[in-house]
Each structure stands twice: as C-alpha cells, then as structure tokens.
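Next up is a structure, given as structure tokens.
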Amino acid sequence: MIRSLYYTPGKPIRKDIPPQEFPKLTRNHRGLLWVDFADEPPETCLPILQGFGFHHLAIEDALQQTHSPKLDDWGNYLYIVLNYMTIADNGSDWETDIDELDVFLGQNYIVTHHDNPMTAIDETWDSSNRDERNLHDGADHLLYKITDKLVADYMPLVEKIDSSIDQIEDQVFDKPSPRTLEKLFALKRVLLAMRRILLPQREVMNKLARDDYQVIDPKDRIFFRDIYDHLVRLHDLNESLRDLVGGALDTYLSVINNRMNDIMKTLTIITTLFMPLAFVTGFFGMNFFEPLGLMRNWTTNPVFYIMLAITVLLPTGMYLWMRRRTWI
Amino acid sequence: MIRSLYYTPGKPIRKDIPPQEFPKLTRNHRGLLWVDFADEPPETCLPILQGFGFHHLAIEDALQQTHSPKLDDWGNYLYIVLNYMTIADNGSDWETDIDELDVFLGQNYIVTHHDNPMTAIDETWDSSNRDERNLHDGADHLLYKITDKLVADYMPLVEKIDSSIDQIEDQVFDKPSPRTLEKLFALKRVLLAMRRILLPQREVMNKLARDDYQVIDPKDRIFFRDIYDHLVRLHDLNESLRDLVGGALDTYLSVINNRMNDIMKTLTIITTLFMPLAFVTGFFGMNFFEPLGLMRNWTTNPVFYIMLAITVLLPTGMYLWMRRRTWI
Amino acid sequence: MIRSLYYTPGKPIRKDIPPQEFPKLTRNHRGLLWVDFADEPPETCLPILQGFGFHHLAIEDALQQTHSPKLDDWGNYLYIVLNYMTIADNGSDWETDIDELDVFLGQNYIVTHHDNPMTAIDETWDSSNRDERNLHDGADHLLYKITDKLVADYMPLVEKIDSSIDQIEDQVFDKPSPRTLEKLFALKRVLLAMRRILLPQREVMNKLARDDYQVIDPKDRIFFRDIYDHLVRLHDLNESLRDLVGGALDTYLSVINNRMNDIMKTLTIITTLFMPLAFVTGFFGMNFFEPLGLMRNWTTNPVFYIMLAITVLLPTGMYLWMRRRTWI
Amino acid sequence: MIRSLYYTPGKPIRKDIPPQEFPKLTRNHRGLLWVDFADEPPETCLPILQGFGFHHLAIEDALQQTHSPKLDDWGNYLYIVLNYMTIADNGSDWETDIDELDVFLGQNYIVTHHDNPMTAIDETWDSSNRDERNLHDGADHLLYKITDKLVADYMPLVEKIDSSIDQIEDQVFDKPSPRTLEKLFALKRVLLAMRRILLPQREVMNKLARDDYQVIDPKDRIFFRDIYDHLVRLHDLNESLRDLVGGALDTYLSVINNRMNDIMKTLTIITTLFMPLAFVTGFFGMNFFEPLGLMRNWTTNPVFYIMLAITVLLPTGMYLWMRRRTWI
Amino acid sequence: MIRSLYYTPGKPIRKDIPPQEFPKLTRNHRGLLWVDFADEPPETCLPILQGFGFHHLAIEDALQQTHSPKLDDWGNYLYIVLNYMTIADNGSDWETDIDELDVFLGQNYIVTHHDNPMTAIDETWDSSNRDERNLHDGADHLLYKITDKLVADYMPLVEKIDSSIDQIEDQVFDKPSPRTLEKLFALKRVLLAMRRILLPQREVMNKLARDDYQVIDPKDRIFFRDIYDHLVRLHDLNESLRDLVGGALDTYLSVINNRMNDIMKTLTIITTLFMPLAFVTGFFGMNFFEPLGLMRNWTTNPVFYIMLAITVLLPTGMYLWMRRRTWI
C-alpha cells in the first residue's frame, strides 16, 4: 500500500497524490510531503524512490530489508534505518519479530518504507490527518513524532517481560519444572534481540541530537536528545531484566541441584540403613541352619496378615511422604 | 506536599511562599529560593514548574519518574536526575526500592521533586531552617549539601550488606542450606541494582566537577569533586562486595558438591560391601540344599534376640553417625 | 594459473598478456590491467610481482599466506589482505577452510593472488570479459566489485548455519543426544572462525571508506561504505547466531540435567519403596521360624505360574515405560 | 605518635619539632620538613594539618581513612592516597588487611599519615636519620623513596602466594580435599584485593611520571616512571597468579568430578553384576521348591566355615581396595 | 659470556674487543658495535654498562630480569625489554620458561643482555660474522633482524601446540581420560603465558613502527611494522588456539557428563527391573509357606548346574558388555 499526504500552510491537506507529482511537490519549500510504503513489492517502490533522486545504494538498502539501524547522511537528505519489535506470546515461547523501518528525510518531505503494519506510523498518520498542527513544524519534527511513538511502544513490552519474570521467580522456588526453564530461555532470547536493536538505535538518535545535518533544524535536536534519553533508560531496563533472568536461571539450577541432593541423600540413607539388615536376615535364612520349631507362632495367620499390611502400607506411606516433598 | 523557603541576606527566612510569587523571587539575584515537591501529583506540579520557565521536555522528564541519573544543561538552569535507594530487609529477601530525585538548579533557586520522603532532603531542609549560614553560599552549594547527604546515606547500607556477607560466609562452611543460597541471590540483586545507579551518578558528579556551567560557581567544583571521589570509593566497595558474594556462591556450590561426593561415596561403599555378601547368603538360602540339623543351636532363642537387637541397633547407629556428619 | 586482462577505452580487451609487458602497461594511465594468480607457486609469482615494483616485505606477505585481513598503504599502491571462508558440511562436522586473497591495487592496475579457486574472483573475471562496462570505472571500482561478491558469499553460509541451529533447537527438547552436542560445538567453532575474519575485514573496509588514499577515487568511497555496512550486518548476525548456539548449549545441558534428575528420582523412589519391603520378607525368611503348613496353598502350582508371569511381565512393563519416557 | 624531622643543608637534622613551628619552617625554601602521624587520633592531627593550610576537604579525606588510591593537585601541594597490604597467614585462611597512607607533598615538606605501623615509612625514616644524603634531593625524592619501598614490599608477598599455589597444585592431583578448596578461595580473595589496590596506585604513579606538577621536579619524574613499571610488572604477576588459581580451581573440580565418576561407575558395576544374581538365588529360595536332600553336603560344617570366611574377607578386601584408590 | 663485534665499512670485523674500548668505539659514528652478555653475573655487566653512560634505572632493570616487554626512550639510546619462550614437552606437562632479552640500542651500537642462550641472538651473531652485509644497515636494522628471528621462533611452537590440540580433540570423543584433562590444562596455561608476552611485545613493535625515535631511521620503521603484523597474526592464532582448547575442555566435560548419564541410566534400569523381582522372590521365600514337595524336580542336580552356570555367565557377560562400552 502506498499512501501520501501533502500539506501547505493555509491550504487543506491533499491525500493520495499520484507518484508522478512527488518530485514537483518536493521543489516547493513551503510544503511538506509524506509518502508511506507499507508492504509494497520492490518493483513498485523502486521507480518512485528513484523519482526522488535518492542514491541507488540507499534505495537498495531500503528495499532489501537486511540492515541494522543506521544513519547515512547524503547531504540534502538523510537515509535512516530503524527497527521495531513485535512479540507474540504463545504460552511458553515468545515469538519475536524484528522489522525494519526505512526513512528518507528531506528538507520538506519524509518517505517511510516498512513491510509490516506499524502502529507508530499509523497513529502519526491519523493524528496528522486529524490535526494539521502536527505537520506545522516540518519534516524533521514529523520524524521525531514517529520515532517517539516507536520508542514508546517498547515500554509496555518491557513491562510485560518484567511481570513474566516476576511470575517465573515465584515458580522457581515453589515448583521448578523444565517448562520454567523453557520460559526463561525464551525471555533471555527476547531480551538479547531487544538489546541488539536498542543499542544502534540509541546511536542513531545520538547522532541526530548531536551532529549537524542540513535537514535537521538545530533547535529540534533537543527532541531527539529526549528520545535518546528514553533509549538509554530502555537499555538500562533491558540490562536489569537480563540480570534478573540470569539470576532466575542460576536460582533454578541451584534449586534443582538442591532437590537432587535431597533425593540422593534419601537414597543413600535408605540403602545404608537397610543393606546391612538385608545381610543379617539373609545370613539367618541360609540352609545351614534348621528351624527349631519353638518359634512357630511367628508364622501364624495373624502375623501373616500384619506382614501383608506392612508390605502395603510401608510403600504407600513412603510414596505419600515423597509426594509431599514434591519429588513426584 | 509543596514547601518553599526564601532567603535574602540580612533578612529572616520566609517560608511557604505562595507559588505565584516564585517567578518574581527568582528575578532577585541576591536571594535564594528553594522549592521542594514531595509526593505531589503531576497536576499540581506542572503549572508551578512552567512558571519557572523550564522547557516542557525537562518538566515531562521530572514528572514521569522514569529516568536514569543524568544532567541536562539548559543554559540558565540545570536539570539533574539523581537516584536514591531504600532497602527493607525482610529476613532472607532484601526489598530494594530505587527512587528518583529531580533537581532544577538555577543561579539563585533550586527546585527539588521526589515521590517518597528523603532523609537527605529533610535534613538539609531542617538545617537550612535552623541556621541560615547553610544558605549563604548559594544554590549550587545547597545542591552540594543535598547530594553529599544522599551519597553519605549509601555508606550504612554498604556496611549492612558487608556484615550480611560475613554472616553468610560463616554459614556456608558450617551449615549450607537452600536459604543461604536465597540470601546470596538477594544480596547479589541488591548490589547489582546499586551498581546500576552508582555509575551514572558518578558521571553526573564528574560533569559538575569538571565542566563549565553557568549556574555552578567554578570554585565550588571542588566540592562536587569530593562527592565524585566518594562515589568512586562506593563503586569500589560495591565491586568488592560483588566479588565476595560471587566467591561465597562458588564456595557454597563447592561445599554442597563435596558433601554430595561424600554421600555418594558412602552409598557406593555400603553397596559394594554388602551386595556380594547378599549374593553369598542368597546362594546358601536356595532350596537345592537341605539343612543338616547339626547347627540348630544357631536358631535358638538367645541368638534370635541378639539378631533382633542387631536389626534395631545397626540402623540406629548408622542414623546417628549420619546425623553427626550433618547429612540429615 | 596466471591470467591477465588489459582494457583501454575504445579497444578490445587483451587477454593473457606476457608478464614482461606488465610494467609497461601500468605506465599507460588510461588503461586498466588485472593480473590474477590462482594457486601459483611462489617461485613463479615472485619475479612478476617484483616487476611491478612492490616492496619486498609486501611481496613476502602475499606469498606466505599467513596474514590476517589488513591494509597497507605504500603510496602509489595499496596492499590489501582479505579472507574468504569455505565450509564443507560432513554431517555433524563442519569443515571450515579460511583462505587468503592478496590484492595489490594501483592507480590503473589490480593484482590478485589466492591459493584456492574463488567464486568472487571468477565471477568478476567472467563479467569483466563479457561486458567491458565493468572495467570502465577503474581499478578501485573493480576491487569494490570483487569485495562486494566476496562479502555477499557469506550470506548463504549464514543462512545455512541459521537453519542448522533451528533444526538443532527442535532436537534439543525432543531427543537430545551426544551428536546434538557435537553439532553444536562444530557450529560454535565455525561461528568463531567467521567472527575472527569478519572483524578485521570490516576494519579494512572502514579504512577504504573513510581514509584518503592516492589510488581510491574519493567518490568511490561510498561503495566501500556500503560493503562496510554489509559487514556490520554480518557481524551482527554472527553475534545473534553465536547467542543462539550458546542458548541451545545451555538448553541442552539443562534438558540433560533434568532428564538425569528424573532418572535419579525414579531410582530413589524404587529403592526407597522396595528396600524396606526386602527387609520385611527377608526377616520372615530366616530359619528361626518354621513353616506352619497351614498356608501350603500359597505354594501350589497355580500360584507358581502367577508368580512366574509376574517376574516376566513386571520388568517388561517397566522396560516399556522407561522406553516411552525415552530413557533407553 | 607524631614525629618530625627538619633538614637544612649544612646543619644537623632537627627532630621532634613542636607542631607550632611547622608553618614557619615550611616558609624556608632551602629546608626540608617531614612530619609523620602514626595511629594518631583525628583530634590531634586536625589542628596541625590545618596549620599547614591544607584544604578542609583534603584533611577530611586524610582523617577518614576511607579512600582509594588517588592524587589531588591543590596547586602548591599534592594530596596523595596510597594503600599497603599486610597478610597474616593463619593456616588455610589468609587474613588480608588493607591500610591507607595519606601524603601531603609540598615544595619543601612532606606530611605522612597512617593508622598502622608501616615498614616503608620506618625504614625511610631511619635511613634519613642515619644519612642525611637521603634528604638532599628534596621532598619529591623522599616521596619516591617511600613509595619505592612500599611497592617493593609487595614482591615477597607475591612470591609467598606463588609458592602456596605451587604447593596446592601438587595436592590437587594427589589428595584433593575440601581444605584445598578453602585455601584456593582464600588465595583468590587475596589476589582480588591486591589487584584492586595495584591498579589505582599504578594510575597515581603514572600521573606523577607524566603530568606537570608544581611540587615535582620534572627530572625526578623518571623515578616515578620506574615505580610505575614495577607496578605494571606486579599487576602482570597478579594476573598470572589469578590465572593459576583459576586453573587450579578448575583442575580441582575436574579431579573431584573424575573421582566421582569412578565411584559411580563402581557402584553401577557392582549393582549391575549382583542384582540379577540376587534375583536368581532369590528365585530358588522360594518355598515352592523343597530341598532334595541329595546336596546336603553343601550345608556341612566345613562349607559353613568357608562361607563365614568369605563374609569376612570379601568386604575387608573391597575395603582395602577402595582405600588404595584413596576413596576413603 | 661477554662477546663483542665491531664493524667499520671497508675494514675487517673486529671481535672480542676489551670492554674498556667500548666507550671510545661508540664515538665513531661510522662504525657499529654489538656487545652481547649471555648469562653473565650482574657484577661483571654493571661497570661495562655504566661505561656506556646508561641511566642507572635502566641498568637496574636490565640486571634484575623482572620486567615485562617495554620500550624506554632515553634520548640518544633506547632501552627495550623483550621476552622469549622455551617449552619443554614432558609428556602431559608442558614446562614453559619465559626469559628476558634486554636491548640497549644507540645510534651506532647495540647491547644485548640475556640469561639463557637464545637462538635468535646466536643466529644473527653467526650470520653477521659470516657476511658483513648484515651489519651494513646500522644498529636499528640489526635489532630488526634479531626481533624478526625471535618472533619467527614462535611459529613452530604454535604449530606444535596446534597439532597437540588436534590429537587431544580426537581422544576426547574416543577415549576421554583424566590425562586428557591434564594435557588440556597444561596447554591452556602455555597459551595464557604466550598471550601475556605477545601483547606487550606487539605494543613495543607498534611504537618502533610508529613513533619518532632518534636512533631509529624513519625508513626502517616499515620493518618493525612487518614484525608488528607478525605479532598480530600470532596473537590471532593464539586466540584461536585458546578457543580450541576451551572448546575441547567443554567437549570433554560434556562427553564425561554424557557417559555419566549413560552409567546412571544403566544403574537405574537394572535396579528398577530387579528390585521388584527381589521383593517377589523374597515374598515367596518367607517361612509362612511350606514347600509342597510337588516341584522337587526344580531342585534336582541338573537345575543346580544350570543355575551355577548362570551365576558365572551372567556377570561375565555384563562385564564384557560394559567393557565394550568402555566403562571399565
């Protein structure tokens, strides 16, 4: 889907402009053009992007979807790659998807290109349509609005992970199971993936906040500084969460290990107590000796029933005891 | 709660000034205004902070309580975020709480904003009220006093953790238990959290001690240098404690492992000694052979009672022996 | 094999030029000479390379094949070492081979030297032969084309490793075996080897993209910048894959550990349940007591056959149960 | 204890000068004053240090004894904090004590402050008293002599640790015991503590050797460079020792693990061999079958004595065998 | 042993010059003096070195043999410390020896000092004697030749370690034994020691290749650059080998762990199968029941011999099976 939006102060917003008009509109320095490509095949995007006069290396990068967050300064426009993350929580496994947002930012236009629908883009689009004051501050401010929303979207994700860890930490001591482990490894993977995209995005924001670019109004840098600070904070939270996951993993292993020790101890105690006894009874069961007949009352029916009861009750009792200790 | 305090040399200290007067007071360069917001809802803080003319991004940061320690230079005022830590020791678990202190420091005013009561703020407030010499050296010196107290408050915490580790180290060799492990993991978490806030705060102090700011008197930098040194020291102590906790964890696991080895050794020895014997006695207990009758005195009553005594005393003895080795 | 190719605008491409002519041809600033040494013994290469006037240290480096990727600026020519990787997947073991490509890049000539056949060189050679437009942009652009292909060749490799890891991750939970471990260690080794050559190659590209060299046209730097970005991306992917392998290893060990715990638990439970019973039956099997004769019907033929059936069915059942739990 | 020493070229050394005279003496640029505070309460030190005109922050730092090695340049004097280490070897546990030496170095005076007796100070003091040539080169050279001795004192310590590790490494393979582990953890702790004070002291020496200070004669920098090199060497040795301790720990755990495996193997072999046999003998011991009487000679007295001998000799033999394998 | 060599262009090489002449010879700027001290006691070296006018700190460093590789620029001469490594392979243990080479490099002289015989020195000495062209390029080029040989000597060492690791890797999967572990730990130690001396030597070469020294001809820097590249390559190889050792260790532990699991599984299976059976046979062996006499043919001689055969063949078979699985 290609959608476009053109704003000139004092005039109504034009929508769905034919692509052929884009080059002409960018020449009007008082207007602001936003073109958004969502899940559009490269064939359709290529000619339009070429129409803007972008370098073919930048266009290739945008269409190949294989880049890490970066910022390339091409003089009269910037090519920016950002990443966004979606997580589908299927019970124990967290499916993470990292997608790419390519932005071409010119003096009076912004071109966004992405494969999957993005709430950050959609919300900014809608609010721009609703209220043209959002378009008042130029293309760089529009970029700020989009990135601000994109970064803000990490927060609920981080909170969801946080509450997941809390839940798991409680389980670890009470009822450690292989599924706990699976969940922890899944969380670890998600946090690693997030860390990998937070760091270079932070760097991109740092550049926007600090360096001198032709298409960024120096007094707008403060806004990118603010996003940079948010990313620093997110990175910190990510580190904390990774520490918590690491700690939970260590705890899990220690708890399992302790339980194992308990089990081995019981095995050893039982064996140590009964093995010598088995020898003693075995010794007196050998055929060297003949029964005397004096103790025949030990082999009467009542004794037999008591013995039968013991053979049933003893293992049942032990079974229940082990159950209470959550071994089984 | 909002409280304010205004000092002009030679005049009595004014308190609880109506917020409307703040902007006017800040224009008098000889006075010193301190406004403190404690656990105040954003709605009340917002207009007052706007009255000071702070940038809306800085105000947002202050009201959202989600930032890491940082320092933003806005020219005629500084926006500083600091963290403080409170720990509630509930037996094995140390509940840590990290709160945020936002400071706006101007030439002749200081605005502090925090959600929970802070001893560092309260003590400085009280001493300022008691003795106006504390207000004599300007707003930057007041900031020094607050941060000095804030940093000094870490020391008893560190000492408490230190003595906890000492205690645990003794337990590890004598009586390792899963609870020891829980405590160690809790301490590890606290130390990690502390490290996370010490490092950026150190950086903030470093900036105050080194860089040139409009609102910091160059000859006051030496004081922030001193706090910086304290934070370096605290960070060193934190590292040492983390090493000690790490060492205690390793020791715990090794002790447990050694104990496990001991237990397995006993199991193996007992099994190895008695299994072949069980075969021997089993062999002569088979019905191929008939008792001879010559050794009937082995099945008399006295022998039976001796045998009974053995079956009672042997496991009891083993049980006591295992108990002495603290297996049970 | 030595092959050479000489292009002057407007004339047909000359091939297999006698080595004696090389020095003369390099003096024509409008032409472009490419000499490629493939698996040629040092004795043959030495005089030809000396004919170009290269420093003897650079020639030694090129002929010894023992260098890491690097770039030496010798003024009127560059000496560049690159690495390429071939992987032969023999079932569980991935045989990696790292080979060296030496490049001498002058204003109007490029000399490539390698021991094994390289697809990146061969493809560029063929396309240059086919279409002389490839030679149009000078020696530095030819280097770009070669390195671009060389770097692009990593991608299918990375994808192959990625799908291998996916496959292994599924096995780890379902059917962990020592072979899984072997495969993981093999992948880990491959990724480490790749990382080792990606990092210095990235640095070489960074230098070509950033620094000022006599033989690199400043407006071609953007192309090396693009390769640099690809290497950054590859390095990122490599890191991700190494994390995945690390995670799979941890998971493997945890799964094995969990299984071990399960097995030990079963051992303990069985021992704990039956050992005391063995004592009880042993006790009443001693020769102190004489059978009464009242319960002779317990030793009749039907009972014997039932007992026989139990001794066959019980272990068979347990065996099948253990099998279903994939212990055996 | 406060002791002082005043040297003017050509005059005898004055000792135990009343503190009131210190300020006056420091004004004579040809003399050299050394004041040493050893284990003196802060109350006594404070007025004397103030008499020298030191900044109150520096005095506070000196009296509080809580600082890491550092160097503060106060213009006409330097405030330097150094650490020294004493180790008491109580069998398995190495008690380490880290103390602080505070130095104020002026153009023609040096003030040292420490809590515990220090051989480096005492020796320099004695040699200064004995031979005034030691005082000839000014205060900075005196500082060099003190730090040179202080750093030289680490060497015997390092050698002692080295020989301890050698001893332990031999034990690890021959007779690993939990005490070996305790010793290793103690050594690890000592080495970590040493590393922590070596690094910042190295930095202090680096500053003295490299930077420009008013009170350090530029041609004396070479001496501090020499101490710096010694600290580099010590740090290297420390790293090597830490590697050795780490290696010994790994070896210990592996040896223990191998031994454990051996033990488990034995257990499994014995159980695997005798359990089926126990079933076989148990089977023929059931009361379904009646002895035939034909094999009564298997239950005669000689056989019984042989059997008794086996039940005594078999476990004794196994016990001795296990002992020879150092399991018990 | 002290040996010396003096070359002036056009004259025969003088040997074994009396030390008194050294200072005079160094004053002739067209000559080249090389003095080599091999295993000479400090007493003999000291006066000769002082004769050259070296700083007493540099002489002390040279005679004490306790320094890490470093380079000190003393203006008209350089003091350089290099390390070389000798390894004696005593079966499982690799005895590494790290020795020190001290070099004083002046404009027209070089002084080398070492305790053990060094092939790099001896070979350069011999080739200098044989062919005076080696002395033609001055003292700095002589230093290049010595260091070039010294660095080249690492290569066979590295290859030897490489083949050792290959051998061990094969053993790890086929026949892991504690000796394998010992060898791995020994290799790890050697590689760590090598890494420790490679890194600072690389730094020394980097300085010689990059910085401006009075005694190094700028156009000779390229040679030190070449040695620097060799050291970079050696460091890379060292890293790779350390990774391989690390991987082999992990594999060893995993293989041992897997084997352990196999053993435990067998134990559990055997116990689980036979314990219930033992109870069953024990149950019917109790004296409650009297044999019926109907199944007396189960206790006849043939059955007895079959049973005896089983008790011999069953454990023998299991023993052989375990042996084939290389447990014993």
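The chains carry the letters A, B, C, D and E, assigned in the order they are written, with residues numbered from 1 in each.
Keep in mind that, in the parts below, a contact is a pair of C-beta atoms (placed from the backbone, for glycine too) under 8 Å apart; a residue touches a chain by one contact, two chains touch by 3 or more.
Remember, predicted model here, so these are calculated numbers, not experimental data.
Engineer: Return the chains shared as contacts by chain A and chain E, ordered by label.
Structural biologist: Neighbours common to chain A and chain E are B, C, D.
Engineer: Does B-C or B-D have the larger number of C-beta pairs in contact?
Structural biologist: B-D
Engineer: Can you give the rotation angle that fits chain C onto its twin chain E by Cα atoms, in degrees and rounded to the nearest 5?
Structural biologist: 70
Engineer: Just curious, how far off is chain B from chain A if you go by their C-alpha centres, in Å?
Structural biologist: Here the centre of chain B sits 27 Å away from the centre of chain A.
Engineer: Measure off the straight-line distance from the CA centroid of chain B to the CA centroid of chain E, and report it in whole Å.
Structural biologist: Roughly 44 Å separates the two chain centres.
Engineer: Show the residues in chain D shared as contacts by 2 or more other chains, in ascending order.
Structural biologist: Each of 264, 267, 271, 274-275, 277-278, 281-292, 295, 298-299, 304, 307, 311 in chain D touches at least two other chains.
Engineer: Are the chains arranged, by touching, as a line, ring, star, complete graph, or other?
Structural biologist: Looks like everything touches everything, fully connected.
Engineer: Hey, which residues of chain E end up touching chain A in the complex?
Structural biologist: 283, 285-288
Engineer: Taking the complex as given, what residues does chain D use to touch chain E?
Structural biologist: 173, 222-223, 225-226, 229, 232-233, 236, 239-240, 243-244, 247, 250-251, 254-255, 257-258, 261, 264-265, 267-269, 271-292, 294-295
Engineer: Can you tell me which positions in chain A touch chain C when the two form their complex?
Structural biologist: 55, 57, 61, 66-68, 70, 72, 178, 181-182, 185, 188-189, 192-193, 196, 253, 256, 259-260, 263-264, 266-267, 270-271, 274-275, 277-278, 281-282, 284-287, 289-293, 295-296, 298-301, 304, 307, 310-311, 314-315, 318-319, 322, 327-328
Engineer: Which residues of chain E touch chain B in the complex?
Structural biologist: 285, 291, 298-299, 303-304, 307, 311
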